[in-house]
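There are two complexes below, and they share subunit A, which is joined by subunit B in the first and by subunit C in the second.
Coming up: the complex of A and B.
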């Protein structure tokens, strides 16, 4: 769940506000699938965000790797991520601008641009792809939704929504998604992501939902890449700041390759 | 008084008979010659093709014995560098002490991202002990301009097709990103010293050859390798060598390793083993066809002489003697044709063994270890086998018309 991994972005839209208003008027009436997505987008996408998180990759053979990173995000497609621990990975940086991503490793001293299917590779060997970790698109803009029903998940009432990529978004890594949305907090609690063929690619579980400002935000995300059977990755947010001021130069190549 | 039958000098008679109608004999001899030539050459040719596969596979993939970390094989597709063999230098010196070992070489194989002139592609990294790989992967032989990378320097050699796709040339600097033994992301900047051409298509499309010390640095695994390949003086010893090495290395090895002979690795060698009997079937079919040509010609030859055989029977020649005579004629013809055929087949085989048959164009795009040139592998035994088969086929082929001939009553045969 892109929007949650790095933390989301994206302006609360006028449409979303109207939708909120409508819901307030109609009270408990069951929302349409589109309204659900709009409320999720409104809650989960922010103009800017800064996150400090611990990524834990558990391997089938018992190994565990802990990594810590700092990330900044702005809008739907700008983000910057830097690993700070462990020492051997400290200083590894990732910059995402629109459809391209640059990787910078201190040892190499030069950034490498990757794009296309390479974005679907695991970030640092985790179950999160580079794309998962750096994109923060709006669900309403990318997917058509069908409400499948309601279910209870971990004691919370959840809407089960099936998403299918809009015809013009054939480029999306996940052409179909099934999302369990918390009916009160508008936070996804679980998500299954599929390829166009219907093959399950990833499963995400979101929990430890906390209040940040006037939003609800999942502080813990467990991701399982069905293609990468050796691992399971957990992301635990250590600190989350939303809608703050982020210097523009954070999302630039000189910052990636250069300095602070 | 015992009635002793006078022995008929069958072979002399047979030899004389073959000269009676030289046109007829020549026709049959030519049929046998063509068949034996083809058989002798095909033996050498098929052995050459099999040898090419096995040899390419051993040198590029399997060694005669391959040592890897336990569990590597099941994840082989991912080329996980974290499943590594540690303490390689100590293992290598121990392995090299074994009397059956010709050489042992460490290799690091990993999947990397190669960034050239702004574009990048996934590649197959091969970290090699460049000084010792000469007779095996032969990096120096692969270097198009004779400039392989030097141990200890951040240098690399790139597959010709791969370089093409990345728009990289000699002298350029590339960035290589890959997994480290700690499963994080590592990177190196390397200077391209040369282009590499192996003739093995999938390597030329994807490989980067660099000194093993550089590969160790990239993957953050000093004194470790993803595999050790062991080559023996005698490939036949592979299985026993694997068992002995496993025992020998047990006290010094860190963690669990798997020691496998090339016959126990992967599908290809098993496929090759399965192909041998299959090739036997192909050879059998060829023999059958050659046999049919011989039978046909012999049948014609004998049928032409029905009257003569009837006459011989009427004069009191025993049926078994007639059969024996005809079969002997077949053998004489088989001997002549077989001899010439074996010489011709050997000639072609030996000539191509030196000049080779160029399959480079056909091998392009094949994702198998297969070198572009096929060298038939001729041995004397193929010529002898070809000749014996020719003689046997001619003899057996003569049996049928001979048996048919004696079934006829002499009077009937004379009437024909």
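Coming up: the complex of A and C.
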């Protein structure tokens, strides 16, 4: 079954993993944690997607940088992203296939492999890492879940779910997650991501939830990397198309190097 | 064609594409760069050299896989634009070169200019294009036409006039054939490169034939000879035990002279963003120790030979500070003659489209060694993108 993250390479996993959907509706019995994860995964399983988004990096000293990109994704393991602004980064492209990633440097005319250890680093200096784009976003396959309870968040009823990486997924960058899921629209509203030691690594806030086809989708994601204290990054979707036709050659090295 | 004419033509091209072409897209961007550099030579003391550089990139897509890419570069030099060969050669060769110098002249050129079409599965590119590849961070034996500046390997390079065809046979696999016209068919360069992704590793193999100057033209008014060179090689890159690793090698034959070149390296990044890199390079064409021959020095200065020595080690540590600042320290060392160069660097993203970079150069080693000829230097560079 194909599944993807909505934000493409830049923040695909953030959207996917954060966008947990639940199954319960008002008046129904409280869902089990696994049922919540299954609904989340089901909601996030689009065959393909195309996203145009603006990434805003706000620095503690007041400086603000804006980047705009187009991204295409197919299934859980194929995505392609091209920055179109600012001028400095225009033409920089990223290709992700399974857990491998390549970057194309337009002024050098060469594609370069991004090694696994570099996936932890911030994408274009943002609070989003390369690795966030490379994880398998399947909540059910990757994590065991415990329902902690319910809370009200931004005026909406939310399930609070604690996730712990399954023993066979010790390779995941985030061994624990705490997710607040909108209990009516089944969209994640907040996520905290932790290291194996329990140290908080990242906090994400999702908002501007809109209807796209038969799904609810967060058009705004704010990410705060606890290790990167002088920045805060906001991803604002400008347009989202789901389950569209994407040419197969988009997810290839020749396309990365040519871009046509 | 002067600068103003070119700019007007480029802007005209932008305007002309607006309404009519339904499938055509056009992107115009570039940068203005200023660099101040100073180098201290044992004989002549401090020498200053500045340049202004303007690059205008034009990329157009014309539908059905057709596209074109052009970059025009104008570069104006100021300061001491005449570099005495005696300043960059060892003492024992100074009498030979006398007052000879390399003069830097203002220049404008096409960094690259090519057209790509895709009739069916094959992609054909004609024009001055990038034939750049290889997994090595600093040394790429499989890059045969435009070697990197080993003191600043990430800086952009010119393309090379060629006709190439690329046939994909998978998402990460293709065959590329290139012909680099130079005189007649026999004297032109030809190469075939295959790349593939297997078990998490990127692999490639290359076979090439081209002609190389045995003595570089342009120095001391000496005419060189063109000799046929045949090269085979390849590279591998991937990840082992959490480390990024790569190796790249070629074996070459130039009129009976045969040699091996091998690069191997690895890198690792820490959670705080610090990137560590180590690379070794074996140049079978080099010599284990000084003194090096005059011909070797001239080849090295002209860029036709990557190093004088047989064994070179490269190390680099780069650490970001606050996302906008980055500090780095690189070193290149010749393990045979004990010479080397330290390159401390500071980069700062001043604004969304403004970068500042300082690179220092601290050479060490005795007279006649690979890096010992230099003394001290560095540059400060500002670049504004548009």
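The rule is simple: the second predicted complex is superposed on the first by the 229 of 260 C-alpha atoms of A that agree within 3 Å, B and C clash if a C-alpha of one lies under 4 Å from a C-alpha of the other, contacts with A are read in each partner's own complex, and residues count from 1 in each chain.
Note that a contact is a pair of C-beta atoms (placed from the backbone, for glycine too) under 8 Å apart; a residue touches a chain by one contact, two chains touch by 3 or more.
As the structure is a prediction and not an experimental result, all values here were calculated from the model.
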Superposition on subunit A - do subunit B and subunit C clash or fit: clash
Who does A:120 touch here: subunit B (first), subunit C (second), both, or neither? second
Let me test your reading of the model: by the given contact rule, A:227 touches which partner, first (subunit B), second (subunit C), both or neither? second
Mind telling me which of the two, subunit B or subunit C, contacts the most residues of subunit A? C
Have a look at where A:144 lands relative to subunit B and subunit C in the superposition and call it first, second, both or neither. neither
So, A:66: does it touch subunit B (first), subunit C (second), both, or neither? second
By the touch definition at the top of the document, which applies to A:92: first (subunit B), second (subunit C), both, or neither? first
Once the structures are superposed on A, label A:108 by its partner contacts, choosing first (subunit B), second (subunit C), both or neither. both
If we overlay the two complexes on their shared chain A, which of subunit B and subunit C does A:252 touch? Say first, second, both or neither. second
Re subunit C stretches 131-139, 167-175 or 203-211: the one overlapping subunit B is 131-139
So the subunit A residues that subunit B and subunit C both touch are 57, 59, 63, 65, 88, 107-110, 113, 118, 125, 230
Footprint of subunit C on subunit A - complex, ascending: 57, 59, 63, 65-66, 86-88, 90-91, 97, 100, 106-110, 113, 115-118, 120-122, 125, 227-228, 230-231, 249, 251-254, 258-260
Residues of subunit C touching subunit A in the complex: 27, 29-31, 57, 59, 61, 65-67, 71, 112, 116, 118, 123, 129-130, 132-133, 135, 154, 156-157, 159, 166, 168, 170-172, 174, 195, 197, 200, 202, 237-239, 242-244, 267-269, 271-273, 275, 322-324, 349, 351-353, 355, 385-386
The subunit B residues in contact with subunit A across the complex are 71, 75, 113, 115, 118, 120, 175, 177, 179-180, 182-189, 220
Residues of subunit A touching subunit B in the complex: 57, 59, 61, 63, 65, 67, 88-89, 92, 103, 105, 107-110, 112-114, 118, 124-125, 230
